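Shared chain: subunit A. Partners: subunit B in the first complex, subunit C in the second.
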Partner chain A sequence: MASAAAGSSAAVPFWRAAGMTYITYSNICASLVRSCLKEPHKSEAVNRENVHFVISKWANGKPEKPTIRSDSPEE
Partner chain B sequence: MAMAALRREGRRFLLSPISPNPSTAARSAMLSEDLSPLGTRSISTQVVRNRMKSVKNIQKITKAMKMVAASKLRAVQSRTENSRGLWQPFTALLGDTPSVDVKKNVIVTITSDKGLCGGINSTSVKISKSLYKLISGPEKETRYVLLGEKGKVQMVRDSKSSIEMTITELQKNPLNYTQVSVLADDILKNVEYEALRIVFNKFHSVVSFLPTVSTILSPAVAERESESGGKLGDLDSYEIEGGESKAEVLQNLAEFQFSCVMFNAVLENACSELGARMSAMDSSSRNAGEMLDRLTLTYNRTRQASITTELIEIISGASALTG
Partner chain C sequence: MYRQAPRLLIRALDGGRGGRLIGRAFSTDVPAASVEDSAFVEAWKKVAPNLEPPKTPLSFMRPRPPTPSSIPSKLTVNFVLPYQSEISNKEVDMVIVPATTGQMGVLPGHVATIAELKPGVLSVHDGNEVTKYVVSSGFAFIHANSIADIVAVEAVPVDRIDPSLVQKGLADFTQKLSSATTDLEKAEAQIGVDVHSALNAALSG
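Moving on, here comes the complex of A and B:
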């Protein structure tokens, strides 16, 4: 994905080099913080992490097979 | 009651030898659609009574749906108002320029999965289509990303070829930021864009929802715009700490901005959907009530007419016997 601006050799952050977007990076950090909580707050926080939706890409006006992204607390 | 007894009397009387001639048989068939023995003439109230029962049931159901929507709305509304603070700093920093001129546009339309919510989905789709027409041109490419079943159904009818992705079943679990950000991530990874335009219904109050368009620029375009001055031109006056370049910061910011704006948009649309459902169900129960009133009047008229008819027949029969 992105590399540093042309010419400057500022190191790209490791997550960017691994292909993650900033959103993925911040989500991982957030789930790390959530797992540091104690009960009962932990279970409430885990409820806030549920992910479920069905996504389907279209090509030439036809939908392809939909993929269900139902990862609950992700990576 | 006396009336009922008289009616029973009359019916027994009628069952005996009045032979039906074809015209009366036809008339009674028209008037009474229930199963009375051949030869009786009774105007039936059964049809009207059935209608009244079903209308009353519908009224109860719509009232219950309105209550459910109202209680859900209260919960989502506070979350929506809190989420507005997420994107306001971004707009203060990067501005919202719907008039930006780019080659690759992506219109993200947010609609609901369930129906019975009034006209909000149709307005969103209408706005998306007119936005499409507005920003199309030679060498420009515009694609749709549709959230929600209702939007998909309406778009498939005439804009099938411009749909890039559709997403459904978003509201299976209560809405949270993680879900929306994973969704935003999917969109960013799979769709090429220079400007993202999010179309949703902004929630102002229980009876007013305004369709809004939020524009988010890709980092490259933001860089270009910042050179030409304006709000983005002030970006250079900010000091960047931490050894990152401006391009990197812009990229991180753009992605995060998209995620935050999507979160707010999805929440606002959910609020608007609940509010619209409340008012739709409310007007539906009011209509059902009016219909019930009219049916009651018809029922009473029919009932009184049938009693009068029977009385006339009894009396004329009696007078025919004595006279």
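Moving on, here comes the complex of A and C:
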């Protein structure tokens, strides 16, 4: 993605120059804004944005051990 | 691969412009696609003349409003977040969006624009009432028919921001910025400083 061919001379934003994608930048901005909210709205926002998902990689036609990515603490 | 896209597109346009004088039309100037496929309907009627042909998704959609010939008096705004729709089809006088190129005021009849938004204040002006939102980032699409679609990842009314948390965050990130070593840390600290200063400006402005 960070190809050396300087075909385009467009000025890139500082975050892209540092190797970050737009989605990462946008998500960071959003979580910073959420962290500055007043109390009832802040906990609503944090609850809304909780994610819990399981990733299983497959190798040789078989699933390997899944990794669990979660914001909620494991019981 | 996609970094080369602007260069290739410009090359393609230049090649095209050699042959044609007109640039591409805006989506709102092109007549809307017809709602039903006449070939399908005729074939259906031959096979099952007594049944209604089934409706396709295209027939459920409202056609996009065409560009009016004279500038309309109000701007129609749609402002959506991933989890809810803040403003839907509201007719207002003006919106000011925090574009990366600066605060941009959008009036009815604005030229069609796609603007990337930076963290800042979005204000919606309708008569004498102004509603302000702090937007984290997103895009604003202004169409030639005076409809503005604004999408943001996170947007809150200004009165939901806690000033003490903003000051604390600003101090934290300014300090991180001066002590950052790698490019990535510098970028993250810079983002933190930008967002918190925008929030600060929103609270005071």
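Simple rule for what comes next: the second predicted complex is superposed on the first by the 54 of 75 C-alpha atoms of A that agree within 3 Å, B and C clash if a C-alpha of one lies under 4 Å from a C-alpha of the other, contacts with A are read in each partner's own complex, and residues count from 1 in each chain.
Here is the rule we use: contacts are C-beta pairs under 8 Å (C-beta built on N, C-alpha and C of every residue); 3 or more make two chains touch, one makes a residue touch a chain.
As the structure is a prediction and not an experimental result, all values here were calculated from the model.
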{"item": "Which of subunit B and subunit C A:Asn27 touches, first, second, both or neither", "value": "both"}
{"item": "Partner chain in contact with A:Trp58 - subunit B first, subunit C second, else both or neither", "value": "first"}
{"item": "Touched partner set for A:Arg48, first subunit B, second subunit C, both or neither", "value": "both"}
{"item": "On subunit A, the residue positions that both subunit B and subunit C contact, one per complex", "value": "5, 8, 10, 13, 26-27, 30, 48"}
{"item": "Subunit C to subunit A touching residues, read off their complex", "value": "1-4, 6-7, 83, 100, 119, 134, 136-138, 153-154, 156, 160-162, 165-166, 169, 183-184, 186-188, 190-192, 195-196, 199"}
{"item": "Contact footprint of subunit A on subunit B as seen in their complex", "value": "160-161, 163-170, 172-174, 176-179, 181-186, 188-190, 219, 243-248, 251-252, 255-256, 258-259"}
{"item": "Residues of subunit A that touch subunit C when the two form their complex", "value": "1, 3, 5, 7-8, 10, 13-15, 17-20, 25-30, 32-39, 41-42, 45, 48"}
{"item": "Contact footprint of subunit B on subunit A as seen in their complex", "value": "2, 4-5, 8, 10, 12-13, 16, 21-24, 26-27, 30-31, 47-58, 60-63, 66, 69, 71, 74"}
